[in-house]
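For reference, the structures are reproduced in the following blocks.
Shared chain: chain A. Partners: chain B in the first complex, chain C in the second.
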Partner chain A sequence: MDVQILSPEAPSKTNSHKNQNAMDVDGGDVQLVMPGETITSDLQFMRGHGTYLDSESTVISSVAGVVERVNKLISVRALKARYTGEIGDIVVGRITEVAPKRWKVNVNGRQDAILMLSAISLPGGIQRRKNEEDELQMRKFFAEGDMVAAEVQAFFVDGAIGLHTRGHQFSKLRNGSLVVVPSALVQRCKSHFHLLPCGVHLVLGLNGYIWVSKPVIGNPESTDEADIERTYSNKNDIIDDAERESIARVCNCLRALARKFMHINDTIIIYTYEASLKYPVKDLLKKDVVDSITSEASQKLTME
Partner chain B sequence: MKRSDGRTEATQLRAFAASQSLLNRADGSAKFSFGTHLNSYLGESTVVASVVGPAEVKIRDEKMDEATVELIVRPAVGFPTTKEKVLERALRQTMEPTILSGMMPRTLIQIVVQIEQVDGNILSTAVNAISLAMLDAGLPMSSLVASITAAIDQQDNILLDPSSQELENATSVHTFAFDNTSSYNLLLSHSAGAFSEDQYFSCLEACKHASERVHAFIRTAVEKKIQKEYQQLQSSS
Partner chain C sequence: MPYLSQAERDYITEGVQSDLRADGRGRLDYRALVLETGIISQANGSARVRLGDGTDVLVGVKVEIDQVEPDADNVGKVVCNVEWYDILSFCFHYVHGYDSNYAKRTISSPSASQQFEGHGADDLNNELTQALQRVLGGPQCGINFEKLCIIKGQQCWIVYIDAMILDYSGNVLDTIFMATKAALFNTRIPKTQIQDLGDGEFEFEVLDDVEDAERLDGIENIPIGVTLNKIGTGHIIDASPLEELCTEAKLTIAVNKDSQICGIQKGAEGGIEPGLMSEMIQTAKRIGQSLIQQLDQKLQDEERQVDEKRLNGENIEKLGFFAMV
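Moving on, here comes the complex of A and B:
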């Protein structure tokens, strides 16, 4: 994503607010704004994200992006900003710090998210209050550097995200690798946990962190001794070469999609994966291959 | 008029070049240069800026009502010296008021400026690079900043975008930064040397006029990129 423009004499186009009245027209072409540019001076509109009001209550953009309008609400979305959480979002994060009764988790947000000790599930699904003993062995659950899939439960007063990992689908992540994409690319959908036909498990974190792994074996809810042990284990299962290759292939497909700035969901990933099969994994990030597999995938998507 | 590096006009600027998102681990990054390799008879001033943030802040630096802005300047060679500290201070005072830091309290915004090549007016190159990098990072800003340097030579000519050779022979050097609102608010005024009030104000006018060109350039550079990304995003959903 590299734009290089050379212009000895840039066209002396002043930053005129050419679309000042574009708000009156529905649809039409997209309106691009830069910080400091007036979006509308009409008082009937409300300001949303990415905008601010000046002293004459003119709506002014605060980021570079495309103006979006829902009824009377005007917002500007920057395509490459940090993740701002919403309650119910599924995120993937990395533990950065073990603090009293809580973990700090990096979720690509503006502050580290907080995972309280009381918000995790105990191995084997035992229901009980966490005691001092649990607090002393917090690193047995999550230590610094561990990956975790979690749900946004609440916001703290200072704006930090509160996470929880109750329920069988949230767990410590292992057996795979992490792909980081811009968070705007991952859309909210019914499920963020997918088992692809190629035998690869995906966790699409809404914060742009995607976990690609070998599917977890065993039932996380079982009370079997081995399964309980496995919940917070740090040991990877044995992953054979074929599985490693498909994980790597899915990872590279995700990177290719992110490079072309396309929305990421399970369908497009499957299509891209299928299109990528005629190339070796290591070639997938070459420019022409990226172009060909992503365009093939988006064609398939539109044909539906 | 013939200038030392081959330019023919006192108000002629060297070609701008910019690229965004060139560092993949920073939230936003950009490279800005005055003068490019394409016309190599001109010298070149290049700066790479990266922005990380809003991100977790150390408790020591935490501000309860706004973001902490940290600015670090790395020279092309060697360790940062007093000169870089002066530059850091000037840059931070220019950029900080444009960041809507009240929108992101208790966070850190770290801006790192790496000087790559110096041929005059490094301060304005850095301002423009940081502007582009902040746009790339999607930070909320009240306006965009663009900066231009002017020098007054011994014959009392105002030279815009001076090269280092011209700076050596200049009697005074002035750097200004303006925002992109219709009132062209002055955000930075940095002068060195001996000059009269009239000279100062004529430099200010010349730079104000030239900063429009930088603003127009920044807009075209960013517009194309956003438009392309937005279209791809739309077509894939």
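Moving on, here comes the complex of A and C:
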């Protein structure tokens, strides 16, 4: 058995600190700051999240992240932070607790999100209201540990995210595996459900949880009992070795992109996947291969 | 308590069956390691080993002089301790030389990985400390304990091995074993000079010269651990966190360079059939030996590079925590 034992590498030297004090806040470029770095010493700006003022009223970053400005308000969005939801976001979460009339869902947020029993599609017609029988068999829908794709519907008074899974694309997740990336990397797109040309289905959760799986067969829009049954099924379909390999390859491509801290969307995933085809799947965990496939993919993206 | 859904469990189990795990590895593939020794200047020896994209272990070795035990007066000893990262105890122990437990009692905040917060961290600390101590505390570890004795019946060296788990993404015990072996390879013990005062009285002096310090005797025989996780009917090495959650039973086998077994520990609730058990032991022997060879090779290469730099009068720079992840 061969194992790669590497030496640590020194970070590459960059000269990003061109104009330390007089940074142009209005510039179009993305400004990355480190904790303790001066963002601006201009007195007209107000401090927002992720910043503080020192004695001379200069705005200083308290986190490592990207500077954002809304009129006179300057804030820094941290690169690695917990997920803060926005209404309409598609997220992937894991059920952590079954509570009266609700589920607690881990969505990588500051606190668990809440999925109400009244916010899921119940068997026997979409328009059906929940009844006592449903309350008594909540684990038939979602039990602890189950993965679920959902949409952010509302916020509770304490700031907890309220989710819903009404609609044919939301369901219990199976047939595949989870990849966790920093939530800042997943971009908001028109759709977060993708069927890649290689036959792998993706749910890109904006909270950084990505579900990679074999697509579930069956007519998802049909309301008949068998299909609803399938929505809450715990059993995987039969996955052959070729399909399993494609899923593993997509997972490793996602990990590679996350390692290089690159934005994740369906296009870049496809390009990375194509670039990865010349390597065996397990080699995609190696550093030099990660470098090569991600740079090839980003080149292809800039060429367009 | 971290959970796993039934569908994920089945997916991982089937993956092990068909020799294609969720990250594309086969059953007996190891993730890449990143290793550096000698990064803590205050310790007698140290190493940091990172495995895959997460697991991160720092081991420091400190030798101290102490009284010998009354019932074994001609040997020194090895004391192991494993802890989840806690920034205060770390700073106190290595920077200020205070007892790490003192700092822990004062302010306690286990971190490293969310799932091991609170009392869970203490249990895990104990489990890992015991596993390491059982292998390295006795003669099976290959270290010549008699050489650690300075004056028979009076004083000896005690080797403290402190492992700190900085981050977790599976297979932490094997990483600790590897980091420990690397740190002990890096360890130098000061030489002592004994003076005979007559009447059976002895006195000794510790030589300060760094050049004179020598390696522990028997370092090449130190075993490493190979953990085999039984998932379904197959077994895998170097499990990822999700795979560890699916593990029915696991066997950690300590193997030395001659593929002799230096300790076996079983973990998790499930059972192992006798046939599978002997198969697992054979696998561990083979893998352990190959791992040790490659680890030794790497350690020697690293040391040779450092020696070359020293000969040329170059500055020896350790990256330590400034290394790119």
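Everything below uses one rule, namely that the second predicted complex is superposed on the first by the 239 of 304 C-alpha atoms of A that agree within 3 Å, B and C clash if a C-alpha of one lies under 4 Å from a C-alpha of the other, contacts with A are read in each partner's own complex, and residues count from 1 in each chain.
Note that contacts are C-beta pairs under 8 Å (C-beta built on N, C-alpha and C of every residue); 3 or more make two chains touch, one makes a residue touch a chain.
For clarity, every value in this text was computed on a predicted model and none was experimentally measured.
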Partner chain(s) touched by A:Leu178 [first = chain B, second = chain C, both, neither]: second
Which of chain B and chain C A:Val98 touches, first, second, both or neither: neither
Which superposed partner A:Asp146 touches (first chain B, second chain C, both, neither): second
Partner chain in contact with A:Cys198 - chain B first, chain C second, else both or neither: neither
Partner chain(s) touched by A:Ala154 [first = chain B, second = chain C, both, neither]: neither
Footprint overlap on chain A, comparing chain B with chain C: 1-12, 96
Touching residues (chain side chain B, partner chain A) in the complex: 13-22, 27-28, 36, 38-39, 53-57, 98, 100, 103-107, 135-144, 179-181, 212-230, 232-233, 235-237
Residue numbers on chain A that touch chain B, as the complex places them: 1-15, 30, 32, 34-37, 50, 52, 60, 62-66, 78-82, 96, 104, 106, 110-112, 158-159, 184-185, 187, 260-263, 268, 298, 301
In the complex, chain A residues that touch chain C: 1-12, 94-96, 143-147, 172-178, 234-236, 239, 241, 244-245, 247-249, 251-252, 255, 259, 280-282, 284-287
Complex interface listing, chain C residues touching chain A: 3-8, 10-12, 14-15, 18, 20-26, 28-36, 50, 52-53, 242, 286-287, 290-291, 294-295, 298, 302, 319, 322-324
